[in-house]
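Multiple structures are listed underneath, in structure tokens.
Heads up, the next two complexes both have chain A, just with different partners, chain B and then chain C.
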Partner chain A sequence: MGLGDVYRQQFRTTLASFIQYRASIFIWTIDRILEPLIYLVVWSAVARATGGSVGGFDTAQFAAYFIVLMLVTQVTYTWVMFEYEYKIRHGSLSFALLRPIHPIHTDLVDNVSSKLITLPLMLAAAAVLVVLFRPVFSPPPWAAALFVPALLLAFGVKFAVEWTLSLSAFWTTRVGAINQGYFVAALFLSGQMAPLSLLPHPLQVAAAILPFRWMISFPVELLLGRLSPGQAMTGLAAQAAWLALALLLLRTVWRAGVRVYAAVGA
Partner chain B sequence: MRLLRLLWVFFRVGAMGELAYRTNFFLQLLESAIDLGTALGGLAVVFSYTATLGGWRPEEVAALIGVFFLVGGAIRLVIQPSMEQLIESVREGTLDFTLTKPEDSQLLASIQRVEIWKLTDFVLGIAVIIVSLGRLGTHVGALQLAAFAAALVAGGLIVYSFWVILASLSFWFVRVENILVIFQSIYEAGRWPVTLYPRWLRVGLTFLVPVAFATTVPAQALAGRLSWQTLAGAFALSALLFVAARIVWTRGSRRYSGASA
Partner chain C sequence: MEHPAAVRATELRKSFIVTERESGVGAALASLVRRRREEVAAVDGISFALQPGEIVGFLGPNGAGKTTTLKMLSGLLHPTGGEVSVLSHVPWKREKAFLRQITLVMGQRSQLVWDIPAADSFELNRAIYRIPASDFKSTVQELTDLLELGPLLRKPVRNLSLGERMKCELAAALLHRPRVVFLDEPTIGLDVTMQRRVRGFIAQYNQRLGATVLLTSHSMADVEALCRRVIVIHHGKLLFDGELAALVGKFTAHKTIAVKLEDGEADGVLAERVLAYLGQYGDVISREEGVVTLRVPREETARVTGRILADLPVIDLTVEDPPIEEVIERVFAAESS
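The block that comes next holds the complex of A and B.
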């Protein structure tokens, strides 16, 4: 039985179970709709207060930014950091370790299934916001084409980085503070709170050196037509480099972590 | 006053349970501080581009964030844990223990669990309010402080009644925790003045999910922009919701049949 068969079977199982227990998945979706909406409203107010435009964004461009951001977040979100704290602390990771397949495959399928289920709601929300806020953006065709690989790489980087970070739960049972620090950094540095170009310069540099810009902001900037072809290629290269580095770290940390893992009751 | 005496008892019970785990206090303090730093950092970024936001000055929005932490802290300190406990005891049939006690059952159920470390949000909120008041300086008179206190009481009552109504739905439906989680999500919108939001959203945040009265209205009082009509409206709504909560609670607890009965 190849990996393809495993994925197909896992998809069938998780889709069925998510359709059964859909409530909590939809609650997370409300969060993902509400957050960009709040910042869209705030930045539109700033644009109006300063005569129509802030740092190259007017209200219609802010609308475009945050609506595209919302859809990019839908594709890239993960919850592994919460899940692994629980799994490792309560020892339920043991079941996953007994299966003859790396647990990351199951997590990936779970993640993609939840996105497929909530996608209609997300698209409906985006459509409503488009009508209400009238976004304006016109990406050149090459940027729209590169958006797809940029989006997939963004998801890859985010998933690999967060999966690796979630393994810190092997060494400490109190990962709440680590998670929170990471999420705050991501809020500012991945462009969720404001377009990165509006942040102070040191933060912009940090966002580009660390993986944050490449996890969410970069595909949004690309689709909004704010990057030159050269910047786009550099960005894709940075994404590929971060993905490779994160996967390498993931392997190393996972091997070390499983060795120190002592499940409760095992 | 009986309410305060009972609240103190439950607070002491909560403290006795938690004082053994003092690391939790520092972790919670760290979490609250990061959360507050994030909110103020966001404020700094926004106000680096503009002097006022929809007519609000930076100190006024900072005061609003203080109110947001104060009210949110109060919710997470006692209302949320107690209501979650209530939902669970309705499902498990252990509410008998609350109903048979010689005290008002709604009151007991509302304060039955206190998560004392959430005091950090509460205290940090007060500190932020005081600091921003200091920076607003002479603009704030005694009248404004009185209006602030009144708005806070009305807002607190509105939020409390709203939680009781939602949690009491568990007498009719089995799974209602999710509704509470949705309320927590939507409460986040209260970090910013609701006057910024477009009309449909503002109406929703005022009447559908009463976030506006809990955070924006008290902050408006501090900024001296609260009309007496709004304050009167807040009190009318709080009275209405309080009575509604009482009715829903009475009807609901009459439906409750216990696990062994």
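The block that comes next holds the complex of A and C.
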């Protein structure tokens, strides 16, 4: 009974729905494998052309970076930002509001379920890439141990931030523009296109002040053994702070949004 | 002591701000600079109360404010003014204790998950509403019997016909045995047989659980079959609240009398004399296969009936109210003019 029961049922529901969309899920997963792969190929070529390394990354280290990045992206991605506009405009949020449970639970379970389903494919892809690109990384044991909480916090921050942003649909019909701006910023500042250390200093600062570094790049850096224990602890603290802030914002924005929805209707 | 009302609306109001512009590029550009905003009252100060166990028809033409009112009663919309109370809760606060006791079914929208069988959606609702397993089992069984859901529950919802889906929709909405049920066009798009089944089901649910039901429908058959009492709104204002029979009495000044005469009396040569005779009491509105239908003022009905029976060779005579559709149409027409 209780929330655990809801999660279990929602998981089964999501699973059943996903099975109906095997082909799309497969294609989306391929998408998430290809993107880091493309950056990996490009950066490896750049490294070879400039005498073997760029900004402290040689080809094997780029391989390690992008393969770990791929797995971290898999764990942390969400698609709530694409969903809420539809839910709000078409009124399907109404049913969610009439249930005696916060809609975020459904989204959370949905999200986690889809990842569990695609995880084997991702791991297989990672194994193939390891054979092909021969990455080198040797994290100290403490860093490998901290990687797990860092990864979960990264997911928490990303989920809370994106869920909050998706609620902009309560106020504007131009959610697409907001999403676009956010994704471009995330592409650069979360380390998806290149390791953050290769970016100009001001951008690195921006990535660390904004939540972006803590959503993806930080756990990758940690597992690659590129952080000192002090930097790792500071990073975890930054993640925790962002998570707390994002949850607070989420609560406030949700309440305000629902008030608008209740005022305007759908 | 009087029971507290299950649903009470007092001077309930809801207005929306709408921006409007003329069609065309010029108007589109102009609207960038200055938007014309207008406040439209969708619900304009209506008051009513429903007693526990009542089943009430909520009538009005499109845009009358029915759905807006249902949304305020279920907690989706915040009223602009007035007060509303459902089972002693303020709906828009959407407290869990409140949400567990109500349901809103919108005939044109679906709460079921599209790609999976309804049975799976039911399980999800069981978890969300924390329905004890034994209650859940017996409720599903009961709903399956009443609505004849059997084979439907195992098919993905998207493969169901509209009527089949609607039955599953109703079942899903009632699994937690809500004490107050809001139904917005529950029979829309259904064929006559299916409409009848859904109506029967609503009546049974109401009787078995003593649930309070507020129902909007464009099908007068729904209303006649289910509701003794109706509330009629138009342009957001309350036009009528009372027994369906009284609505007919209030808004129609006439009754129709259909007279069947002995063979030949209504046809041929005699016909003119018969018609002239009947014409003195009211308007002859139709004449076919030996049956003449006459419209007479309400208060004259008894006297006219007596005279006709005395003066003509009558085989059969029926006195009827005009069809309810016609009455409702007249109500709205009277209000608009």
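Worth pointing out:
By definition in this document, the second predicted complex is superposed on the first by the 260 of 266 C-alpha atoms of A that agree within 3 Å, B and C clash if a C-alpha of one lies under 4 Å from a C-alpha of the other, contacts with A are read in each partner's own complex, and residues count from 1 in each chain.
Keep in mind that, in the parts below, contacts are C-beta pairs under 8 Å (C-beta built on N, C-alpha and C of every residue); 3 or more make two chains touch, one makes a residue touch a chain.
Values in this document were obtained by computation on a predicted structure and should not be read as measured data.
In the superposed pair of complexes, A:259 makes contact with chain C only, with no contact to chain B. When the two structures are aligned on the shared chain, A:151 is found in touch with neither chain B nor chain C. In the superposition on chain A, A:54 makes contact with chain B only, not with chain C. Looking at the shared chain after the overlay, A:17 reaches chain C, while chain B stays out of its contact range. When both complexes are overlaid on chain A, the residue A:8 reaches chain C alone and has no touch with chain B.
Within the superposed three-chain model, A:100 lies in touch with chain C and out of touch with chain B [touch as defined at top].
Of the two partner chains, chain B is the only one that A:30 touches; chain C does not reach it.
Residues common to the contacts of chain A with chain B and with chain C across the two structures: none. Chain C contributes residues 16, 68, 71, 74-78, 92, 94, 96, 99-100, 102-104, 106, 109, 111, 113, 115-117, 120-121, 123-124, 126-130, 156 to its touches with chain A in the complex. Every residue of chain B that touches chain A in the complex is listed here, in rising order: 23, 27, 30-31, 34-35, 37-38, 41-42, 45-46, 48-54, 175, 178, 181-182, 185-186, 188-189, 191-192, 196-198, 200-201. For chain A in complex with chain B, the residues that touch the partner chain are 23-24, 27, 30-31, 34-35, 37-38, 41-43, 45-46, 49-50, 54-55, 132, 174, 176-177, 180-181, 184, 187-188, 193-194, 198-200.
Looking at the complex, you find that chain A touches chain C at residues 1-2, 5-6, 8-10, 12-13, 16-17, 20-21, 91-92, 94-95, 97-101, 259, 261-265.
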